[in-house]
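So that you can tell them apart, the chains are marked A, B, C, D, E and F in the order they are listed, and the count of residues begins at 1 in each.
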Amino acid sequence: MATAFSNADRAEVLTQALPYFKKYYGKTVVVKYGGNAMLTEDLQQQVMEDIVLLHLVGVRVVLVHGGGPEITGMLKRVGKESQFVNGLRVTDKETVEIAQMVLAGKINKTLVTYLEAKGGSAIGLSGMDGRMITAKMKDPALGYVGEITKVNPVPIRDLLERGYIPVISSLGCDKEGNVYNINADTAAAKIASALHAQRLILMTNIQGLLKDKDDPTSLIPLIDMEEAEGMIGSGIISGGMIPKIECCITALKNNVSKVIIMDGRIPHSVLMELFTDTGAGTMIVKKKKAEKDTANKNDERTDD
Amino acid sequence: MATAFSNADRAEVLTQALPYFKKYYGKTVVVKYGGNAMLTEDLQQQVMEDIVLLHLVGVRVVLVHGGGPEITGMLKRVGKESQFVNGLRVTDKETVEIAQMVLAGKINKTLVTYLEAKGGSAIGLSGMDGRMITAKMKDPALGYVGEITKVNPVPIRDLLERGYIPVISSLGCDKEGNVYNINADTAAAKIASALHAQRLILMTNIQGLLKDKDDPTSLIPLIDMEEAEGMIGSGIISGGMIPKIECCITALKNNVSKVIIMDGRIPHSVLMELFTDTGAGTMIVKKKKAEKDTANKNDERTDD
Amino acid sequence: MATAFSNADRAEVLTQALPYFKKYYGKTVVVKYGGNAMLTEDLQQQVMEDIVLLHLVGVRVVLVHGGGPEITGMLKRVGKESQFVNGLRVTDKETVEIAQMVLAGKINKTLVTYLEAKGGSAIGLSGMDGRMITAKMKDPALGYVGEITKVNPVPIRDLLERGYIPVISSLGCDKEGNVYNINADTAAAKIASALHAQRLILMTNIQGLLKDKDDPTSLIPLIDMEEAEGMIGSGIISGGMIPKIECCITALKNNVSKVIIMDGRIPHSVLMELFTDTGAGTMIVKKKKAEKDTANKNDERTDD
Amino acid sequence: MATAFSNADRAEVLTQALPYFKKYYGKTVVVKYGGNAMLTEDLQQQVMEDIVLLHLVGVRVVLVHGGGPEITGMLKRVGKESQFVNGLRVTDKETVEIAQMVLAGKINKTLVTYLEAKGGSAIGLSGMDGRMITAKMKDPALGYVGEITKVNPVPIRDLLERGYIPVISSLGCDKEGNVYNINADTAAAKIASALHAQRLILMTNIQGLLKDKDDPTSLIPLIDMEEAEGMIGSGIISGGMIPKIECCITALKNNVSKVIIMDGRIPHSVLMELFTDTGAGTMIVKKKKAEKDTANKNDERTDD
Amino acid sequence: MATAFSNADRAEVLTQALPYFKKYYGKTVVVKYGGNAMLTEDLQQQVMEDIVLLHLVGVRVVLVHGGGPEITGMLKRVGKESQFVNGLRVTDKETVEIAQMVLAGKINKTLVTYLEAKGGSAIGLSGMDGRMITAKMKDPALGYVGEITKVNPVPIRDLLERGYIPVISSLGCDKEGNVYNINADTAAAKIASALHAQRLILMTNIQGLLKDKDDPTSLIPLIDMEEAEGMIGSGIISGGMIPKIECCITALKNNVSKVIIMDGRIPHSVLMELFTDTGAGTMIVKKKKAEKDTANKNDERTDD
Amino acid sequence: MATAFSNADRAEVLTQALPYFKKYYGKTVVVKYGGNAMLTEDLQQQVMEDIVLLHLVGVRVVLVHGGGPEITGMLKRVGKESQFVNGLRVTDKETVEIAQMVLAGKINKTLVTYLEAKGGSAIGLSGMDGRMITAKMKDPALGYVGEITKVNPVPIRDLLERGYIPVISSLGCDKEGNVYNINADTAAAKIASALHAQRLILMTNIQGLLKDKDDPTSLIPLIDMEEAEGMIGSGIISGGMIPKIECCITALKNNVSKVIIMDGRIPHSVLMELFTDTGAGTMIVKKKKAEKDTANKNDERTDD
C-alpha cells in the first residue's frame, strides 16, 4: 500500500502535519499500552513506531504498560493455580513474582528492544526503580494488588532530560520491599498527574465510548467530566469501563490537561489522534467550552 | 488535493518518514535559498514551511539567502544607473547600500516572518552581526563585491543552541566597517564548512545537473567531485553553473559531507530530498564508493 | 584635545569613575537612539563608542533605534508620495516596506558595524525576530502604524547572556505576518519594562525638560511622575514632548526604575549621565524622596 | 554481636576508615555479583548494604549480576527440557526468554528493591536498555548465548551522574532485536573497561586463587597478569576458573586498573577489601612493582 | 587500641553507620569549635579528622572557630595591657588587630592545614572575606567587640558547591573597614541560620547541660526551647552558659533544625553524635513531640 | 585636583580607555604587591582601587602579597631575636608562625577589607588553602624558608569563576603540615605560570630597570630575556634585582606572556600601565620582534 504515495504526496502530508508537530513540541504525553491491544508482535511494533516518531518530533513521551494476558499465560505455564475471593483472583507472593518477571523481565524489555530497533533510545524501568511507585496493599484478602500511595517523577524526568523514552512496568513496592501488581491504567494516570502531562492516552481494545455499545458507528468524540459522570450514573458506561473512566477523571482533576481513550489495535491510532485533524477515539476534557450541541472535539483539541 | 489523504494514509506516510527523521536528527543542514527560486510569495512560504518542519524534527537548519532580482528591482526603482566594467556591474557605495537594505531589511525579515508564522522561531542576521562574515574587496574595479576571508560560526551556533533558526543575508564587512555584497552560494558554502554541516543544499531554478541540458529527463542523480571536474573540463557544465559547482567542490573539500543542487521551484523539494527514498536534484559527493555504473544515489544517501 | 591629559590624569579620572562602574555593574540599561540625534555619522560613532564602553564595564546594554528622517529620505528617493489623513501620514504597505528596509536593513546594520568596529560584539534584530514585538494596527486610517500588544524579552536575554549587545529596530508584526512601523520611544519603553531595566535613556535632540522652553539654562534635572503630569496639565510640557513623557511615565509604572531624557547630540552624554556626578538631561523618577525643594538629582541617582 | 561496640569504638573504626574513603572517593568500582554467592536473601541483603555504603561515601559503584541457578530453577519449573550439544546446554528462544524474565524481571528488581531499602537510589537496567550491550551469537549450535561486540557506557554514566546506582542484568541484543544471555563475568569486565574503572570486583563462591586448591589457607593475595598466565599454563588454575581469570586479564589490558576475585559469601567482603588494610580475596594487577618475593598486596592496594 | 578490631568488626561497624550516613547525606552541619576544647594539637587533629569524615560521606560541613585563649596568650606576649570597663576587657584597635592575626592568621590556617592533611579540601575565610559578616560596635565602651548585623552566606555556599570545607574565623567588619572580634558561638549560630542548617553543633569544654552541675552523670540528653528558658529562669542554667543557650534558641527560631552542645574534648564526639544511636551531649529542639516524660533524644534525632 | 576635570573631560578620558578595556577583557593579570611599596595605608588603598577597577572592567585579576617589613616589625614587638647563618636570618618555627599571622591574618585581611570598601568582592587565601602552594625546605640551615614544588591553580580559578578577586599570602606548606615563608615575587611568578597569565606585574619600590642606576631618567621601557640575561652578566642588574629578574625570566619561559616591573609608590601605576598608551615601568618580553633599535614598548604592548 505504501507504494501508492508519490514523493510529492509524502511531502504534502508532512507539511500538513507541521502544525501538529508544533503543537506537541516539548509537551508531555503519557501512553498506556496493554491488555488485548498488545496481543500480536506486529501490533506492538506498530505502536512502538508511533512512539519513536513522537519522540523524534520533540514530544516528551512516556510509555506505561501492563500485561495481564501474558501474566495469565505464564501462571498457567508454571502450573500455578490461583485462588479466588468473591470471584477475584488472589495475588499471592508467587503470583506477584511471576507478574514481576513477565512485566519487568519480558514485556518491558521487548518493548524497549522494539523502540531501539525503530530508532528510539529507550530505557525500561518498573515502579521499584528509583523508588518511583510506592504502593500499599489494597485489600489483604486479595494479596499483593497495590494501591499507589506516591509517584516520584524524578527518575522519569531524569531519563527524559537525557533523551531516553521511559518505558514503565506497572509495579510498585513499599518500604519493606514488598512488590505489588498495579493496574496499568491507574499507574499511567498517576504518572501523568505527577508529570503534569498535556495528554494521557489509554490504548485499549475498544474504539472509545459509544453512545450505543452495540453500534460501532456511535462513537462519542468528546465529553467532559460532568457528562462522563452522568453516563456512569445512567448506566451507559458500565462494567470494566467504569474504573477506567474514573481513573481518567482523577487524572483530569490532578494536573492532566486531556485524556483520550482509543483503540490500540487500529494501526497508528496514536499518530492519527495527535497529528491529524479528526483524531481517534474519545477525548475527555474537564469542561467543554461551548454549548454542548455545538462543541466539537477539534475545538478542544486545538486548545490547551 | 490535501483531502485526498485519509488519516490512515497520513499516519502511514509519517511512519515511513521515521527512518529519515532519525537519520537527520541533530544534524546540521545549510540551505541556500535565493534568486529565481524565491520569485513568488507562495514559493517562499512553501520553502519556509519545509524549513520549520526540519527544525521541529530536530535538524539544525540554517538558512542563507541572496536576492539578486529584488536588488535589481530596487536599484531601478531609485533610478540608480549602474556602471559596467567588462560587462560586469560595478557595486559602488550606493549600490551596496541598496543591496544591504533589500537583503537585510526586506528579504531577511520577510523570511523570518514567514518562518514564525509557520511555527518556527527564527532570528535574521547578516554577515555584519557578531562579526560573522569578514570580507575584502575582490576586485577594486568592481567595487564592493566581497570575497570572504573568514566565517565566524559562533553567532550561528549561539542561535541554534538557543533553539532559533538562523536566517542569514549574504553580506560581509571588513574591519573598517565597509559592507560587501557576497554571492549567496559562496556564503552558504563557507558557512556550511565553518559549521561542519552534514548537508549543503543549494536551491536554484534548475532541476540539477543534466546529462543533456536540453533534456529535462536526463537529470544526473549522483556524481562525485572527480566526475564534476571532468564535466567542467568537457563543457557539459558551463556558464553560471561552473562557479556554483566549484563552490560545491570547495565545500566538500572543507568539512561538508554532501552537497545537493535542487530546484527550489518544485514544492517541498527539500522534504523530498531529505525524507523520501528517491531524493531530489543532483547530489555531489567526495568519492563514490562503488563502481561508477553500479553506484546509485540512495546508497550514498544512506551512508554518512 | 585628548593630548591635554597626562597619564596620571587619565588614571585619576578612571578611579573616580570606579563607584559608577560598580553601581551599574550587571544592571540593564535600555538606550533609545534615533531621530535628529543620529544625523551625522560622527555623532553615531560617538554614541556607539559609549555603548561599547558600557558593555565592557559590565552593563547589560540594549540599543533601540528608530530612523524617521532616513525613512522620509528614502520615500522621497523612490518617489513615493504619501497620503495624509487629518494631517497624519498614512503608512501603507509600500511605506512600511520602505521603513523596514531603512530601519532593519540600513540603520540597524550600520549601528552594528560601528559597535563592532569599536570593539563590541553586537547583533541587530528587529521586532519580527524571535517574535519579539507583537503589534496590531493602531488606527486603520493610518495603515501600518503599530501599537505594541506584547514584548517577548527572551531573544534579548538570550543575546545578553551570550555576550552580545542587542540592537533593535522598532518594527513589529502580527500573527498574519503584517509588519508595523512602531514609535521608537514606545518600543524602547516597552522593552525596558519587559526587561525590568534599571534605566531607560531616551536620546533626543533636546537638552531635557526646560522650565522655560526658550531658556536653555533652565534645564530641570529631576522631576517625579506627579510633577510631570502636572507640567503636562499646565502646558509647560507640550506638543511632541507629551507622548514622550507619557511613555516615560508608563515605563516607570511598569518595572523600570528611572528614565532619563537627554540630548544625544552632546558628545558622550550617556557616559556623563551614568559615570559622572552631575549626570546629563532630565531624570524622571516615580516619587521624589525628600521635600521638593531639597531633592536633587544626585540623591536620586545614587539610590536604586 | 553489634552491641559489642561502644560508641567510642564505632567512632574509632570510622576514623580509621577515613583514608580509604578518601582513596576511593569519586572512583569507579564495578562489582559483579552472581551465581552461588547470591543464594540466600540474607547474603544478598548484606552485599547490597555494602554497595549502598560505597555509594554514600562517594564511590561510583556499578552492580552487574547474573543468575544461573535461578534460571535453571525456572526452566525446571516450566518443564522446559534443554537440549545439549557436546555437553553444553543449547539456549533456544524459549530458554533465553526465561533467562530474560529471571534476570531482568526478578533478580534485577529484587536487588534494586534491596538497595532502595538500605537507603540507596538504584535503577535496574539490562543490556537492551539504551542499546547498552550489543551482542552476537557465539556459536550457532548453542543458540542465544551472546558474545559482546560493543558496550555503550553512556546510559550507565547518565545514571551515575544523576546519583543512581546502576544495576545491570547480563543480557545483550543485536540490531534485529534478538536477545542473548551473556556470561556475567564477561559483561562486568567489558563494562568496567568501557567505564575505565579503577576496580573490577568479581564476587564468587570461592575465596580467591589458592596455591593449593585443597588448602583454604593457601590464598594468594596478589598476582600479576604474567603470573596468572603461568598458573594457567601449569594447571594450577583450571576448569571454570580459567575463563574467569582470562576475563580479568582482558579487563586489565583494557583500561581497568585492578581486579579482585573474592568470596561473596563472606559478610561484607567488599567493605573489607576496599576499606581495611588487608583486603579480601586475590588481587590481580598488570605488573607487580617490586621483586616478586617482596611484593605484597597492600603495596599495590595503596597505589593507583 | 585500633588493633583490637578485626576486619569483620570494621565492616560491621561501617554497615551499622549506614543509616546515619544516609540521614545526613547532603545536609548542612555547622560546627563551632573553640575555646578550651581546642587546647591541644592532638585534640584539634582528632576533631579535624571527624570533620573530614563528615565531608567525605557527603555532609555539607562548615567549621566556625574562635580562639580566646590564644588571643590572650598573644596579647601577653606582645606586652599589651588591657583596660577593663565594669570588669570587661576593652578591645581597642591594637587588641582587635592581635585577635585578627591570631584567628585569621594562625588558628584558621592551622585548622585548614590539619584538614588538608587528613584528606579534606579546605579553604579558610574570615568574616571580612566576600563581605560575609557585617558587624557594628556593640558597646562603644568595649571597643571593637562586634554585633553581627548581617551574614552573607554566598561565599560559604560557593565554597561548599566547589567541594571545599569552609573554615571561618569569627571576625566581622563594617563598611568603613573596621574589624570586630565576634563571639564564635554567635557567629556560628548566625551562619547556621543563614545556611538553614540541619544541625548546629557547639563544641565546648563541658559535657552538655547537667541537671545537677556538680554531678557529671546527670547529663540532660534532650530539652526544648521552652524547657531551656525555664531552666534559665530557675537558675539551673547560669553564668556563661546563659548566652550560649540563648544563642541556641535564637538559631532554632531562625531556620536551624536542631542544636547540640557537646564536649569537644571527648575524642570523636561529633561522630558519636551524628553516626551512633545514642549521640553525645545535649540536644535542644524547638518543641518536643511527645510527652516530656516519654520523649527521648533518639526519637528526636531520627526526625527532621 | 579632581575638580579640574569637567564631565566632558571625564567622558573623553573614558572613551580613550576603551581600546585598553577591550584589550584586557577576560585576560588574567597577576599583581604582586609588597615590601616598601605598601608602606602607607593611603598607598595601599590606591592600589586596591586600581585592582577593583581592573576587576570591574572584566580583567581576571589576582593579587599576591608579601609583607617583609611588617613581619620584621612584629618579630621585634614580641621580642623574638633572630639567629643568622652566613648573614641570612634563620626562619625557625616561631618566626614562621609570626610570619603566618602577619601575612595571612593581618595584611591579607586588610587588603581584602580595602578591596571590599572600594566595591570589589574579594576573598583572601594563603598557600595552605585548598593545597594551593606546596613547598619544601630550601636549605635546612635557614629553616622554614620554602621553595615551591607545586602550585595548584584550582582554588584560584574557582574564586575567579565565582566573581571574586583572590588575594593570596605567599605562604606554602608540605604534606606533613609544616608551613613555609615564601618569597612573594616567586610565589606570584609561579601562580602566574600556573594560570597562564597574560601579565605578571611586580610592584616594587623602584621605577623599573635603569640604564644608569643613579639616573632616574634612564628608565628602560622594554627589554627581552636575552638582553636581561646580558645585563645580569655585565653587572648592570645587580644585588637584590638579580633574583627578581630571574624570577621574571622563569615566568616568561613558563606560560606568562609579559612581565612588568613598576614602582608601586606612584599613584595608579597599574592603571597607567594597562590603560594608557605609554605604560609605566619596564616591560620584559620573551623576544623583541623588530630590530633592537626600532623596537619600542608600545609595539609590544599592543601585541599578544
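The rule we apply is simple: a residue touches a chain if its C-beta (ideal position, glycine included) is under 8 Å from a C-beta of that chain, and two chains touch if they have at least 3 such contacts.
Chains and their UniProt names: A, B, C, D, E, F = Acetylglutamate kinase.
Predicted model only: the values in this text are computed from it and were never measured.
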Problem - Partner chains that chain A and chain E have in common - result: D
Completion exercise
Touching both chain C and chain F we find none
Exercise for the section: Pick same or different for copies chain A and chain D, depending on whether their interface residues overlap by over half. Expected result: same
Fill in the blank from the handout: Most remote chain w.r.t. Chain B, using mean C-alpha positions, is E
Completion exercise
Here the gap between chain B and chain E, centre to centre from mean Cα coordinates and rounded to Å, is 68
Exercise for the section: Quick one: report the Å distance separating chain C from chain E, using the average Cα coordinate of each chain. Expected result: 54
Fill in the blank from the handout: Listed in rising order, chain D residues that touch 2 or more other chains are none
Practice task
Name the graph shape formed by the protein chains and their touching pairs; answer line, ring, star, complete or other.
Solution key: ring
Problem - Successive chains around the closed ring, taking chain A as origin and chain B next - result: A, B, C, F, E, D
Completion exercise
chain A partner, complex, touching residues on chain D are 74, 77-78, 97, 100-106, 108-109, 112-114, 116-117, 121-126, 128-131, 155, 158, 162, 164, 171, 173, 175-177, 179
Practice task
Please give the residue numbers of chain A that touch chain B in the complex, ascending.
Solution key: 1-2, 5, 7-19, 21-22, 25, 46, 49-50, 52-53, 56-58, 118-119, 267-269, 271-272, 275-278, 280
